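Two complexes come next, and they have one chain in common, subunit A, joined by subunit B in the first and subunit C in the second.
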Partner chain A sequence: MMPNFSYIRPESLQEAITHLGSADARLHAGGTDLLPCLRDQVFDAKKVVSINGINDLRSIQETEDGSLRIGALTTITEVAENPLIRERYAALAQAAAEVASPQLRHQGTIGGNLCQKPRCWYYRGEFHCLRKGGKICYAKGGENQFHCIFGGKGCYIVHPSDTAPPLAAFAAKINIVGPKGKRTVEAAVFHVEPSKDVTRETVLEPAEIVTEILLPRPLQGLRSSYRKVRARQAWDFALAGVALVLQFQGNKVTKGRVVLCGAAPVPWRSYEVEKVVIGSALDDATISRAAAAAVKNAKPLEKNDYKIPLFQGMLEEELQKIKNG
Partner chain B sequence: MEKKEKHKGCQCDCGFTRRGFLSSMGAGAVALAASGKIVTPAAAAGVKAPMDSLSIQLMINGRSQRLLVEPRWSLLYVLREHLGLTGVKIGCERGECGACTVLINDIPRYGCLTLAVEAEGSKITTLEGLMQGEDLGPVQQAFVEKDAFQCGYCTPGQIMAVEGLLRAKPRPSVAEIQREVSGNLCRCGAYVNIFKAADRAAELKRS
Partner chain C sequence: MKEEERDNYYVQGLAVPETPEPGAEPKPWSKTAIVGQARPRVDAYERVSGTAIYPSDYTFANMLYGAILRCPHPHARVKKIDISGARQIDGVHGVLADTTTGGDIRWPYVMQWPYEAEKISKLFDSHCRFEGDAVAAVAAATPCQAMDGVRAIKVDYEVLPFVADERQALKPDAAKVHDDSNQVNKQTYSRGNVEQGFGEADVVLEKTFRTACELHTPLELHGCVANWDGDRLTIWESTQGVYAIQSKVAELLGLPLSKVRVIGHYLGGAFGSKLQPGKYTVIAALLARQTGRPVKLFLAREETFLVVGNRPPANMTIKAGIKKDGTLTALEFTGIATGGAYPAGGMTLLDWLVRDLYTCPHVKTETTDAYINGGPARPFRAPGHPQCSWALEQIIDDLAVAIGMDPVELRFKNIPTVSQGREGTPPYTTTGLEECITKGAEAFGWQQARQRTAAGRKEKGHLKRGVGMGSCVWFAGGGGPPSTMIVKLFSDGSVNLNMGASDIGTGTKTIMAMVVAEELGIKPEMIQIEHGDTGTTQYATSSGGSKTVPTEAPTVRSATIEVKRQLLSMAAVDLAADPADLRYNGQYIEVAGAGSRKIKITDITKLKKRGVVVGVGYRGPNPENKVINPFGAQFCEVEVNIKTGEVRIVRFLGAHESGRVMNRLTFDNQVFGGITMGIGLGMTEFRVLDTNRTGKMVNRNWHDYKLPTALDVPADMISIAIEMPDSEANNTGA
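For the complex of A and B:
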């Protein structure tokens, strides 16, 4: 049984923001991450504010300029199955289809997938770790086989979201509302590295709510893919993953983004890979160099150096696939 | 043989079947919950209105039910402990095993990760709702025919996942079956027969 909390399901964003402003209030969207966190007492909630009564947040719409607007309460299943997303933003549809299990995809939301808490077993367990306001990271000298190889500083989690890497790679924007009004943030900078602030995962301020995700209209010649490697074929987080969004002109890559998953405390943009592939024809030699560059600056922990050949091999395979269209 | 018949006869004589026992249990639990509310510490602790029990309406296995629930009660807890629908199993209670799978508006979801208040106004289907009178429904029948379980604990959840799949997609491929039951763990490892049962269930539903 979860600890007691009060519950409110407002019908407007304004009301929700007001309720979220009270002490220890927590937002409920799909509830698939909130409820286990409350049950395990990762954090407390005096008040649960469900935004499920706000129906405006539940839609996928093409806007006049050809971009796509995804409401934050759209379920992961809806993202995975939407024909327009599958056609134009393949990497996002593929990533959504790889999230957790069917039941969780039916319930979990795209907004929640971006805002979920870390899955580090020390963070989720009874350890007062650095991220929870404690003094040390238990993973650093402990069981760190599933932790990061990039961007670790103080805390060594990997960001668990499958949909965040493709959203960052597509240069999506995230609309947010809060007590101070509306603002828009690039998906690529929505998550916060531990070197900047170890106690927060996203740029969200108290009582702010993610309302929509905006995807720019893709140009001709854009190819994208998402690859997720996990320890078993179903229902698991990524050991390694990559979202590729590359603009092709013939066999040459003219621009694009490469964002790694399971690599760092935030979706990790691999500038190293981008530098090798952009401006080059994607031939075997370029692909090998790009895959090697991906892991060149990696800093593995004691038990996760297997991730280096894993990322390298995975990058090589995925770049070969995207080359062949 | 003789002994078995005698036993069966005995059950008839006292009018006490397992099913009857379970539904009377359910009624008892509801009564307890209602009386429990009076002594709940919530009011005594001076907690404001949202903490108190909320009245919700659910359509459970075709029957409309009004229930008083605390905000923190999961749908799993309410279905099992207050309505006696023990086909919904308690497993990990963290959305990892699938034992508590129920259909919410025909879609498989985890009862443990759904607050009962969040299900308000929804149509809930549990294993019990798949029975056709005293006969097994097609998915249940297929699981028996294909020997799709050993200990049976995960079976109700597996059956509900298959039921949800077949409602959305009457002719799934093997790959689709494997994918749609991937949110349900079976510690006995009966997966191969579960996939066969799902395929057989699709046949039975069509016939």
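For the complex of A and C:
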């Protein structure tokens, strides 16, 4: 059941920020995550502030220095289908195409995808858990087959976004405006680990709005890919996923990032894999070492140790694929 | 009406079947013109265009909306309940709880009461034994106000210890669902001597299997609209059988059957979960009585996950012995399952395939039903069978590997012709298993596929393919009495069929129209069907158990033949002939051997005078000491990513012997639907209860409870019909 709330659709960022400053105000973009959260009483809202009237947030543009700006209101479908993104940032386009279902991709926005709430079934259900301000984590010692194997502390969610890992891997930046003005944050540190603060998922302060995402101009020899493993072939989050963004010189990896999905409460940068592959030729031996390194420090819960061979196998497969171009 | 138009009612030149002597049961048709075709549904337009009115579509002026307050704990006692808050909410007109009239109505979770009668619930039971059990209910002017009303009810619960896993439930220290043991029932079966059988075997294998709990979640939600007109109650319910709803509601409310009218024209899916009324049905009726207004009560999706039923989880150990030549010598099976917090048939037919599917002289089974603090089991597309298949077919495959025999050949060696699991081992009218396996294997290319995939597995690469198959028999499926049908032929030659049975989406109406059309030689489009209404149509058992066509089609045929008989005797007057000399040919009735002496059906004097001819048909008995069961064999090819464990189903083929195929489209539709549901059980669907801490269901939504999507089901699905003439089963051979 939906709570009673007032609804407002301002036409400027400034106005939106002012409205978001009032008590229990919630930002509404595509609403595909917000409305279910309200219906399931995950949190309450007195005022719903739609940013859909702010048209400046709705475009994909190449800037003069060759980087790309994606407005926060750009739909996931647009991200998946944009020719420039497909050509230069393949991993992002692939990740966007793997999100949810066609309807949700048409309605959901990239800004909302980064800011979406966790999918832990206790969090979404009638359980007043730690992340909702309660006293315990129900997943710890509970039904945690879809929870994290890295970075869990107090809370053991996996971050649900498919687009966040490639954005972190491409070293994208996120522009934010709020009551105190503008700021820019690295996508890789946009999400907050539970060890720092278990009640928030992003660095956003109250009434702050994500306005756009900036993707740097791709380096020479850059290859990227996104792979998602899930229990069902559509309309499902990642059991395991990986965004690979690697710069090659011949068959040698010179630079790059590896970010895991379905692994941790935030998009999880695998420094272990990066360390093995960067500076090496991506041969079979390196690939198996890298895949093994990926899960070396994993801490599975009672019901999700299947994720260890899964991540390892998936990384072997994906590194082989990207090696072959 | 113009002459040509009227002729349009008839299929030109169609050879209609001979009318049998009065009192003689007709033989199944040897040749058919309409039955067996691939015909779109008679109500396809209504369903596709949205003009079909489903029970959940009904609205009435003045109608209120009902909502139910449900216990949030798997096990709790209501210490105190205060409903006064609900009455304060704007728009709330009625409130029910255990203290209001009707609140203490006894509530059985099964129709037939197989176990101890005292393990019975009440409509609002202060001892809540599963999450979602009803505590109170509200009727209000809008659905939101009803929910607000529910939330304004204050309940003080004493939360009790729970058990949410049937494997734990039988341990001595488990929390008790009722006061005594958590064991509901234990059943054993034995034939021959399994010890002797294992002694004779060359190979004996034993393995343990589990299938998870599968939840009922049909597209149309569960619910109804209830309205009183004086002391007469009318219910529009999403149901598989209006008469089943009528009888239970009448019994529970103490009303004569004649005062309860239940209407259910369309239904958006049920699969066994709508064979009976729910508490929601009775609650809607009571709220409607309390408020004097129609009340609509459809559950929210989340509620349906908790209360409308499931295919219970099953834990099965199977031991099997075989000789090197492929002869099965012994099967021993133990199964533990749970019907939830009340007796609800948790282990129904769980051992049936072990008892009946393959020839085996020595068989012993033991099945145990345990209480847990969970929602009730319900019939679910062949209760017990898929669970048992999962165990039996895998051990058979393992035996095949162990003796180095092709799994298809092994199954061939053990095909029964009698039902070994039943008293007196009666024969089947037809055993299509052998043909299902042969034709299925041939069409699937089993041999080639086995070789190809085996060779592929030796090659490099991490995507490996394999093929598998399984066979099955369904315990029921033959149909039987009672059934009563009325066929009315109007003076213009068009026909009205009056049938009590529901069309649960399987195409019942279409098939019955085809039977009438076959018999009368008229076009199916000229037949209007009135059905699913206890006020105006005849008694019928619920549609389910694959028995609707074999129950209803013979009855329809008998009623239609009765119409023909009456037409013949009416025409005899016009033609001044003996009715025995007359032949019915669809458009005309003519004197045999004197084709010129004939009369158009619509010109028959008595028909014109009366305006209608009414034929009543009854379902005759099934053959004595014979078993009418369908058989099947299914084959599939899968691709496994051996690095990640991902499985892709590449193709699927089902070969089924289901009696006469009445309509090829609806037949294939059932086969594909069944395969899809099987993929759900095997690959993506499972209920998750928070067994350690709270006992609550954590995946009660369509996102976390994963039904297979179109991408999880192979595009390459083939249905093969194995039709074996069956002259004994019934007069249609269906």
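In this section, the second predicted complex is superposed on the first by the 324 of 325 C-alpha atoms of A that agree within 3 Å, B and C clash if a C-alpha of one lies under 4 Å from a C-alpha of the other, contacts with A are read in each partner's own complex, and residues count from 1 in each chain.
Note that in this section contacts are C-beta pairs under 8 Å (C-beta built on N, C-alpha and C of every residue); 3 or more make two chains touch, one makes a residue touch a chain.
What you are looking at is a predicted structure, and each value in this text was computed from that prediction instead of being measured.
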First, second, both or neither for A:Phe5, with subunit B first and subunit C second: first
Touched partner set for A:Trp235, first subunit B, second subunit C, both or neither: both
Subunit B versus subunit C as contact partner of A:Pro309, first or second or both or neither: second
Touched partner set for A:Trp121, first subunit B, second subunit C, both or neither: second
First (subunit B), second (subunit C), both or neither touched by A:Thr32: first
Contact residues of subunit A, present in both the subunit B and the subunit C interface: 1-2, 233-235
Subunit C contact footprint on subunit A (complex, rising order): 1-2, 121-122, 124-127, 138, 141-143, 145, 229, 231-236, 240, 306, 309-310, 313-314, 316-317
Residue numbers on subunit C that touch subunit A, as the complex places them: 72, 144, 147, 151, 462, 641-646, 684, 688-694, 696, 698-701, 703-704, 706, 708-712
For the subunit B and subunit A complex, residues of the former touching the latter: 42, 47-51, 54, 70-72, 74, 77, 93-96, 98, 101, 107-110, 112-115, 117-118, 161, 179-180, 182-184
Residues of subunit A that touch subunit B when the two form their complex: 1-9, 28, 31-32, 35-36, 38-40, 47-48, 50, 52, 100-104, 106-107, 233-235
